[in-house]
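By letter and in written order, the chains are A, B and C; residue numbering begins at 1 in each of them.
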Amino acid sequence: MSGRWQRPTSVPSQAVTYLALSVGALLWIAPILVMLVASLKPDGLVLPEAGTLRALVPTDASLQNYEDVFRRVPFSRILLNSVVINGAIVAGGLVVNSTAAYALARMRWPGRRVALAVVLALLVLPFEAIAVPLFYQTTMIGWRDDYLVQIVPFLASALSIYLFYTFFLGFPVELEDAARMDGAGPWRIFLEIVVPQARSVFATVAIVTFLLHWGMYLWPLLVTNGPEVRPLPLGIAAFRSLPPLQWGDIMAFAVLMVAPVVVAFLALQRWFVRGVAMTGVRG
Amino acid sequence: MRARAGILSSDPRLVSARTAGLMAGPALLGLLLFVATPFLLALVLSTTDARMGSPLPTGFVGLEQYRRLLASESFRHALVNNAWFAAVVVPMQTGLALGAALLLDRGLRGTVVFRVAFFLPVVFPMAMIAVVWELLYAPGPDGALNALLDVVTFGAWAPRDFLRDPILAMPSLIALSIWQGMGFQMVVLLAGLQAIPDRLYEAAALDGAGAWGRFRHITLPGLRDPLTFVVVITAILAFRVFDQVRILTRGGPHDRTTTVMYEAVTAAFARQQIARSAAMTVVFFVLVLAVSLLGLAVARRRSR
Amino acid sequence: MAAIELRSVDKVYPGGRHAVRSFDLTVQDGELLVLLGPSGCGKTTVLRLIAGLESLSRGEILLGGRRVEAEPPQRRNVAMVFQSYALYGHMTVLQNLEFPLRMRGIAPDERRRRALEVAEMLEMGNLLDARPTALSGGQQQRVAMGRALVREPQAFLLDEPLSNLDARLRLQLRGHIRRLQARLGITTVHVTHDQVEALSLGHRVAVLHEGRLQQVGAGQRLYDHPANTFVAAFLGQPGMNLLEGRLVAAASGMAVRVGVSILPVPPDVAAHVRRLNERAGEKIVLGLRPEALRPSPSEATGTIAGEVHAVESLGNERLLYVTVEEGATLAVRLRPDDEGPRPGETATLAIEPGAVRLFDASGRAMDERARTD
């Protein structure tokens, strides 16, 4: 690709681009570096050195802060909570939303048009608009402080249904026709013919769902009490308020909580980026 | 022409209602129970004086809650703050994202590294970002940001307590929000840029258009849809701000950083004022809907 | 193995498009019938109606004497080869072949045996582990056919299976299909827009136009005695020449006046047109096949003259295009060694006796021999 909106890229203009990007990127990841470095420093040194270049240098590096995190809070439990909750939301969501979208796209049944209209209408409804009344609903029936209340309300998703729906509409209907002629019923057609050829949309929806729910703070704040079922975002906020205030420990918590996701992101980043771009295309 | 009675009037694709019911049922039920119902409940609650956990009977009060909201200083501050937030974040974040996307679209090698760097904060939970930035915002000359500004302004900068300073609190929250969100916009815009065929640029160059001309006549029109999308999404996100407010400033100092969602949650959670809170979320929804419809109208109008 | 019958079938799509009109057709048990027509004529719709992929608006469909129009495709035991082959891309060829049998609950051993048998019959034994995307067009087509045949269906439907192939492959596979059908004796309906393919393949050909059946019968008979002007012009490369004229009475019987030319109606044609003598003055359409015209030296009665406007050399023959005074262009088929006039020159064309076809003003053949089955 030549320089697109510029003349074909000459070496000086390439250099300028690289420079701009490098400076930008470094500034951009500076907070992450500070966080990483601080997590390795003794607590006493974090604040005093934060204002200097030594904020970027791990003086007296050790893993003490990480040990402290595990000692002060049940971190493994909190991590498990996040994994279980998010895993269930993603997996359950894939099942429930893909089948619904398929029924909407490929079958005729009474009420289909209404259902589709409702799904599309709900696309503009952000979670915050219903967080409080939903909280009221679940509290009134005494449903709080467990995994299910953090999972079940999020399984059905208008966005996921929409993404699947547009995909299934574009799926070559001849394959489904051929399968019908071969004697397959609707479930078979869906599971054996459509799904195996729909890997890209399943990956996209999985990633989008994950990104949307992984950082959930508001809902767990409303419906959980102790650390038993509390997920990571709430965990770090609570940790931050837990005396004594030790920044090294807090930064270690931050690193621990995002490390697995960052690793996954780096490994799958093509999919991540594609998933995000897809929502833009559909939007 | 309609199918006659007695002759086949159903399309063979009409499967048993049972199959369709099994397939679509769970999701539709979920949407009904956990999205539609709370939404309607909010509307209903907002017309009452309900309080959570209160033995007093609840009664219908019409639009009283809304009246009280309009009269409430805190809530008005919240609305203004959200508006400011949107007004600042949307252009700044979009501008940065566009700039980054343009630089990345030049197709130079190794752009993947930069893309990762810019996108990384998107993967981080806002709660974690808030906590990390709190460290950066540490008051006193040792605080990272204070020190940086001191250097950059050659000593003209006096250290501030960013999160408790009435003037700086909001911009502080805005900065970290931009930091988190820019990557998302950048990826969408980059995809949009890469979808513009090289041929258009070549034709424009042959027609004598310079870099700015090509940008104005090829790039910007080609980006119209992704741009509209990211602008609308970011504007809506600006109204949804909650996590960082709750963790860092609690709406303070003196309501300088309070937002609609923060007020709504505090009213419900800390003060049991569920009806008042419901009214706030209805206002929130109306605002979001207005922005969405505006975006839709813009998108539709220009796609002629 | 069964006959297929369509009775008064209509198909109207929800938007109002009337794709198939009052369609009556019987495909005999064991026959290979070709549905032929231009794009949009409804032939694929008819196929899909037989398959059960579309529901009809009116009428009946019978398979082996049993009414099936209310049954879904899964229950009709017909098999179809789609134009795009519709192979399951994530399965191997063998798995594709076994799929229909698996859907019918056939045991693994039996499945394997039948799949291998079909694979061998179609000479695909070495492709069994490949994925469809790795195969060539011709190979994919054979897999599609294999998948259809493995079920031993009552009827075999082919939707333009040769359209996506290059000319040479098309020729090869055409023969393949014909031999296969003859060997298996399975009732087959083959859809195509290519009339050469139709004429060479089918026992009978059914021509469709705008949703209506125009004529059905053995290919040669349709060629020799088209039932209307559409069929006359559609069959043949180029199709039959059609000239507007008027019936006139002449000394030796009835004739057709075309412009200044008087062309007598040959006796054997006249014998098969009812009350021809009483129809003087009627406006009709005269049909002449390109091979029925020959450049002639003399200008006797029964010839038609015009200016040569183009000559096309096609290797085994030459086509002469002659513009006659009414503005119509006649295509004339010459053998390569026929001298023939050159462009710009005047040509006088003699008509081979018996090759005259008469159509009334509405386009219907006047000859009684031009009927439909």
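A few points about this structure:
The rule is short, and it goes like this: a residue touches a chain if its C-beta (ideal position, glycine included) is under 8 Å from a C-beta of that chain, and two chains touch if they have at least 3 such contacts.
Everything numeric in this text was worked out from a predicted model, so none of it was measured.
Of all chain pairs, the one linked by the most C-beta contacts is A-B. Farthest from chain A in terms of Cα centroid separation is C. Here the CA centre of chain A is 58 Å from the CA centre of chain C.
Centre to centre, using the average C-alpha position, chain A and chain B are separated by 15 Å. Residues of chain C in contact with at least two other chains: 52-53, 72-73.
Touching two or more other chains at once are residues 11-12 of chain B. Among the residues of chain A, those touching two or more other chains are numbered 180, 185.
Here chain C touches chain A in the complex through residues 51-53, 72-74, 78-80, 82, 84, 86-90, 99-100, 103-104, 147-148, 151, going by the rule given at the top. Residue ranges of chain B in contact with chain A, taken from their complex: 11-15, 17, 19-31, 33-39, 41-42, 45, 52, 100, 102-108, 111-128, 130-136, 138, 141-144, 146-148, 150, 179, 184, 187-193, 196, 198, 201, 205, 211, 214-215, 218-219, 226, 229-230, 232-233, 236, 240, 242-243, 246-247, 261, 264-265, 268-269, 274, 277-278, 280-282, 284-285, 288-289, 292. By the touch rule above, chain A contacts chain B in their complex via residues 1-7, 9, 14, 17-18, 20-22, 24-25, 28-29, 31-32, 34-35, 38, 46-52, 55, 96-97, 99-100, 102-104, 106-110, 112, 115, 118-119, 122, 124-137, 139, 152-156, 158, 161, 180, 185-187, 190, 211, 214-218, 221-222, 232-234, 236-237, 240, 247, 250-251, 254, 257-258, 261-262, 265-266, 269, 272-273, 276-277, 279-281, 283. Every residue of chain A that touches chain C in the complex is listed here, in rising order: 172, 174-175, 177-185, 188, 193, 196-197.
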